[in-house]
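Quick heads-up: structures coming right below.
You will see chain A twice below: alongside chain B first, and alongside chain C after that.
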Partner chain A sequence: MPNAKMFDLARPSRQHLLGYILLAPAVLLVGFIIVYPLAIAIDLSFQQVRIPRMGTRGAFTLANYQRLFASSEFWMACWVTLKLVTVVTIGSLFVGMSTALLVNNRFRGRTLARLGMALPWAVPEVIAVVIFAWIFDSSFGLMSWLFVVTGLSDTMIPWTSSPAAAFWAVALTMVWKGFPFVSIMVLAGLQSIPADFYNAAKVDGASALQRFRWITLPLLMPVLGVTLVLVILWVFRDFSIIKVLTEGGPLKTTQTLSIMTYDQAFGLHNFGYASAVGVLTLVISVVASIFMLGRGTKAIY
Partner chain B sequence: MTRTFSQSLMLYLTVILTLGLILFPIYWLFITAISTSAELSALPPSFWPSAPQWEIFSRVWEERPIPAWLLNSMIAALGSAALSMVVSVFAGYALSRYRLRGGHSLGLFILTAKMLPATLLVIPLFAVFRNLGMIGSMWTLIIAHSTLIIPFATWMLKGYFDTIPRELEQAAMVDGCSPLGAMVRVVLPIATPGLSATALYAFVLSWADYAYARTFLVNAPQNWTANLGITTMKGEYVTDWNEISAAAVFVAVPVIIIYLILERYLVGGLTAGAEK
Partner chain C sequence: MTGLLRKSLVSLAVAALLSTSALTPALAQTTLKFISWQVDDAGNGEWWKSAIKAFEEAHEGVTIEFTKVERGAYADTMTTLFAGGQPPHIVHLASFEFQSFADTGWLEDLDPWIKRDGLDMTGWAGQSVCQWNGQTVCIMMSYFGFIMAYNKAILEAEGIEVPTTYEEFLAAARATTKDLNADGIPDQFGTGHETRGGAGQYLTEMLSYIIDAGAYWTDKDGKVTIDTPEMVEGLTRWKTIISEGLTPVDMSAGDVRRLFADGRIALKLDGPWLYGTMQDGAASADTVVAAPPFTVPLGGSSNVLAIPSEITDEEKELVWEFIKLTMSPEFQRTYATVGGNTPPSPKADISGVEETIPHFPLLVKTMQAASDGGIDRIPAGLELNYNEFSKMIQEETQRMLIQDLDPADVVKTMQAQAEALAN
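And then the complex of A and B:
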């Protein structure tokens, strides 16, 4: 930082200058690698381009968006995304909360149990998919075998190639990968609740369930709200789990908006159209999280 | 808290059962790797192979370009972590210590940048990189992974710096240290645990990427990262599950080790960044 030497930065009036200088590299880099590409994407979404060439620009058109709103594929992707977000969020929240409450108990080996509970978080998504692709294998997969053995199904289920089952294979993989984050966050939230609250409630004769309902849950709400939004956004954005496990198929039953964006661009070379899908996905996720965080904060106060 | 014996027993049983279920897929990965192909295509599945074939690891390591893939992943992760850390440390410090005009909205922007779908960002980045003739180069990954890391790292580091009292720098400045000197000589050494946790988190983020690698490097097999390489081992109809599992073990182990050693710091950073 050669500039720093030129000024007496310790002078109170110069103090802020140093702040701006320190911030500058990040602002420039973020501008170049996030803001500028984002602007290009928005620009592309208003042009009819198949493969973009910098410097040349197509005419401004709303055609991509018109085509999008008229396409059943887009609405199908919206529906799949909504379904997946709902199922995975509820699943992760349930498993994450339960595991957090479980290891919040005092017992010997608790540290080790906590470490193990959150381990799937450290497994890269592609590796998680390799594991679950084998578990959901149509001929010798463990899951099909379990279904047959327990009598839930007469024949082996072709999980990833059956339109009805593929969604659940994706959802289970995502819950396994997603719940540790909830668990970690909830555990941190639980530990910030003073033990005095529980002792006072016990003195007043509150049952375990009442203590959970009237102390734990309300005090956990702020953490839970943020966690919920982050999990939802993760499902929205996710690419690798679905792409590697099912490629969005069969019959587009696992094609979320994210996968549709990618396939339109790099599978079908409709960059303009793909950008339109991507921009709408971003708009939906921003609106959804503002709405959720807004409601979340209202619920707290 | 006091518990009766049966309550304790129930608690331990629940913990063990839950842990077993959660960790089972990871166990299954190992078991699949060391099972023979014949055992893998038999029902009922065997939960412990009759003749574990440990040599699968050395065989896959030699026969498949696993070392090259791991090296590429390593280069991308170290490169993007280094690039992002340099700018994020300064930015996080500035956001924590100075009331800057636009600082608040920048913080907000950084938070929303986490919402950006990689599948949207990958389109214009592809256009830009193609125009620069960079498709297939490792630099595309180092730059693209920074889009994932900088928002996280800046926010995590701001959280860490917030926990360090300003009085420390003020004392150093009274003793004649420049503001920059106070940051480098006083604050950064104290923040070392936070810095290393953030750097490792950055490493993990880059290591886990698949979308960018697949888009920019698919036609450059010499630069394939571990994640991209592994997916090419998954065939459309036939997959050698023991081979791909053994390869997957090699890819998962580094991050699992990082996690086990630094769980406390990683978790601290994760929750510090999000509780705001």
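And then the complex of A and C:
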């Protein structure tokens, strides 16, 4: 009988135990598929190992981090990542907000417009990149053809073998893939703003721009704050768009930290060094997320 | 109550015993895992499947699980499997990637096996590549020589003969690169190279011009030999082909082959596998195979078979049996007739293959010329760092093209970086 009492999870004092028991499988699973590999990666980053082997461990060393901080390649990857995060985030926010504001109005074909807006988000990333690889093909691509036909360029543009063009090809593809997420989030935010606010502002003689600046934007800030963080993290960790489109080239001008991690690990078999890049990428992502979430929260009325 | 418990335990024990007995036949069945990127390849895939069928018929109770992994993800997958202690039983690797596995001690030394069965490897094309740290760690499955295919209709339209030297090749490429519909965009190219893929492929594309100029990355002793006038000439040739727009750029190998097969490229340097694409192309009636217009044709080892060192002795025995089967004269012949490849075995009977593959004697000739010239795509002394080396060469070459650098300066940079890698 005392045992039965101990396991009576219906008792109010034991309800928290039931919660823990129900959560345990999920926590264990997350621990196994996320925390364990993360711990392995951190451990590997302190070993000089080309190809790791489960169950074996090299000597502790800081050599990977020393090499990393002295490497111009790492700092260039940081710079490329920062540039890409800035350009793609601003581009996605601008296009995403514009389209959300557009489809928030009442007009004929609004449902179709909303569907079209969300379509890039539904297309699998690799398929989207293959389509863009055709568009940006240097010899027969649509984009170069448009540039030649409209007189913007005399020759076909080598989109993926010219450093500047390659960066913009990657950024444009990422904006196309990323803006629908912003649109959907902003649209949801717009629909939660009461119409009374706008009506009152109209009575007071506020222009459309003033209504946007003083009603829409502040009330959207909680949504925008979270969206911004998620977009930044997506650009930070995105791999497939760059890998398929440019493989980080030419001359590493599109090599972000995630591409560098992959290339060092699987291309050059420097798993210890690659793990060090991965660990630093994680640290940067966490710091950026904390900073951005803080900023987003403060911006609310 | 106690009686009931005892009965239940006895029943459970009997059931467990019966289930164990029932499992025994299943355990006797041995499955060898074999991962390859060639499973669905026309020719190669059929050849592997025929070898697997013959092996399974000769070894009752043993099956081979033949699984495809795409070439693009192959090195990643194999590295992960080996690192996790779960390598496939039959190890199939490209000849430029097995070195890392061998260096880690993951591949069995095959010398005792070869000696035990008295196999004569003399004259086996490309087999020297499989020597690693004084041991034979693999068996070379394919060594090939490059060919040149051309579109006779395009050449005839310009009144050009089939080129037999680099100078003639360049002149033909220049004459046949054209904007046919005058929209400002070239739509017919003199030649075609892949410049989009991995660094290893990029080097292969450059190498015909470099070898013809008398240069190579290292000598036979592994000493870096990039900073030479011959290499300057080789890089100048590559720069000419790319910067004059004689090839489409940023295209994958498959796309370039397709362009040639469809009649948009006049001259194409490639391996024997080009023929399969040519036959399916829109211009199949006009495309012809010829000897490459270079003094020593580019050649190279392609893929190897090996045994992982950590599987059981019984499994090693079976895998070795399978490797020996693929090396047998019978299967070396079908490697040509079914696979359309030049078999590495000098004893393979390849008579009559030309009835199904008309240019087969040419394939054999270029393979032998490349083999006799000691040509391979993997430079001696840089095998272990080949990925890093090829990436460096690709980037410095791209820098030369983008910034219009003098090849004489570029070779100095390449030399210094290659020496750092070799040391």
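The criterion applied here is as follows: the second predicted complex is superposed on the first by the 292 of 301 C-alpha atoms of A that agree within 3 Å, B and C clash if a C-alpha of one lies under 4 Å from a C-alpha of the other, contacts with A are read in each partner's own complex, and residues count from 1 in each chain.
Throughout what follows, a residue touches a chain if its C-beta (ideal position, glycine included) is under 8 Å from a C-beta of that chain, and two chains touch if they have at least 3 such contacts.
Not measured: the values here are computed from a predicted model.
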**Prompt:** Will chain C clash with chain B on chain A after the two structures are superposed, or do they fit?
**Reply:** clash
**Message:** With both complexes superposed on chain A, which partner does A:Leu119 reach: first (chain B), second (chain C), both or neither?
**Reply:** first
**Request:** Look at A:Trp159 in the shared chain and tell me whether it touches chain B only, chain C only, both, or neither; answer first, second, both or neither.
**Result:** second
**Request:** Once the structures are superposed on A, label A:Gly58 by its partner contacts, choosing first (chain B), second (chain C), both or neither.
**Result:** neither
**Message:** Looking at A:Ile34, would you say it contacts chain B, chain C, both, or neither? Reply first, second, both or neither.
**Reply:** first
**Message:** Comparing chain B against chain C, which has contacts with more of the residues in chain A?
**Reply:** B
**Request:** Using the superposition on chain A described above, determine whether A:Gly249 touches chain B (first), chain C (second), both, or neither.
**Result:** second
**Request:** Check whether A:Ser138 is in contact with chain B, with chain C, with both or with neither, and answer first, second, both or neither.
**Result:** second
**Message:** Between chain B and chain C, whom does A:Arg50 touch in the aligned arrangement: first, second, both, or neither?
**Reply:** second
**Message:** Contact-wise, after the overlay, does A:Ser285 reach chain B, chain C, both or neither (first, second, both, neither)?
**Reply:** first
**Message:** Quick check for you: in the superposed arrangement, does A:His269 touch first (chain B), second (chain C), both or neither?
**Reply:** second
**Request:** Could you give the residue numbers on chain A that contact chain B in one complex and chain C in the other?
**Result:** 52-55, 137, 139-140, 145, 149, 266
**Message:** Could you list, by residue number, the parts of chain A that touch chain B in their complex?
**Reply:** 1, 4, 9-10, 15-16, 18-20, 22-23, 25-27, 29-30, 33-34, 36-41, 44, 52-55, 98-99, 102-103, 105-107, 109, 113-128, 130-135, 137, 139-140, 142, 145, 149, 176, 181, 184-185, 188-189, 222-223, 226-227, 230, 233, 236-237, 239-240, 243-244, 257-259, 261-262, 265-266, 271, 274-275, 278-279, 281-282, 285-286, 289
**Prompt:** Tell me, which parts of chain C touch chain A in their complex?
**Reply:** 75-76, 79, 82-85, 100, 104, 183-187, 195-196, 198, 248-251, 387-388, 391, 395, 398-399, 401-402
**Request:** Over in the complex, which chain B residues touch chain A? Could you list them?
**Result:** 1, 8, 11-12, 14-15, 18-19, 22-23, 25-26, 28-29, 32, 40-45, 83, 86-88, 90-91, 93-95, 97-100, 103, 106, 109-110, 112-128, 131, 143-144, 146-147, 150-151, 154, 173, 178-180, 204, 207-208, 210-211, 214-215, 227, 230-231, 234, 239, 241, 244-245, 248, 251-252, 255-256, 258-260, 263, 267, 270-271, 274-275
**Message:** Quick check: in the complex, which residue numbers of chain A touch chain C?
**Reply:** 50-55, 137-140, 144-145, 148-149, 154-156, 158-163, 247, 249-252, 266-269
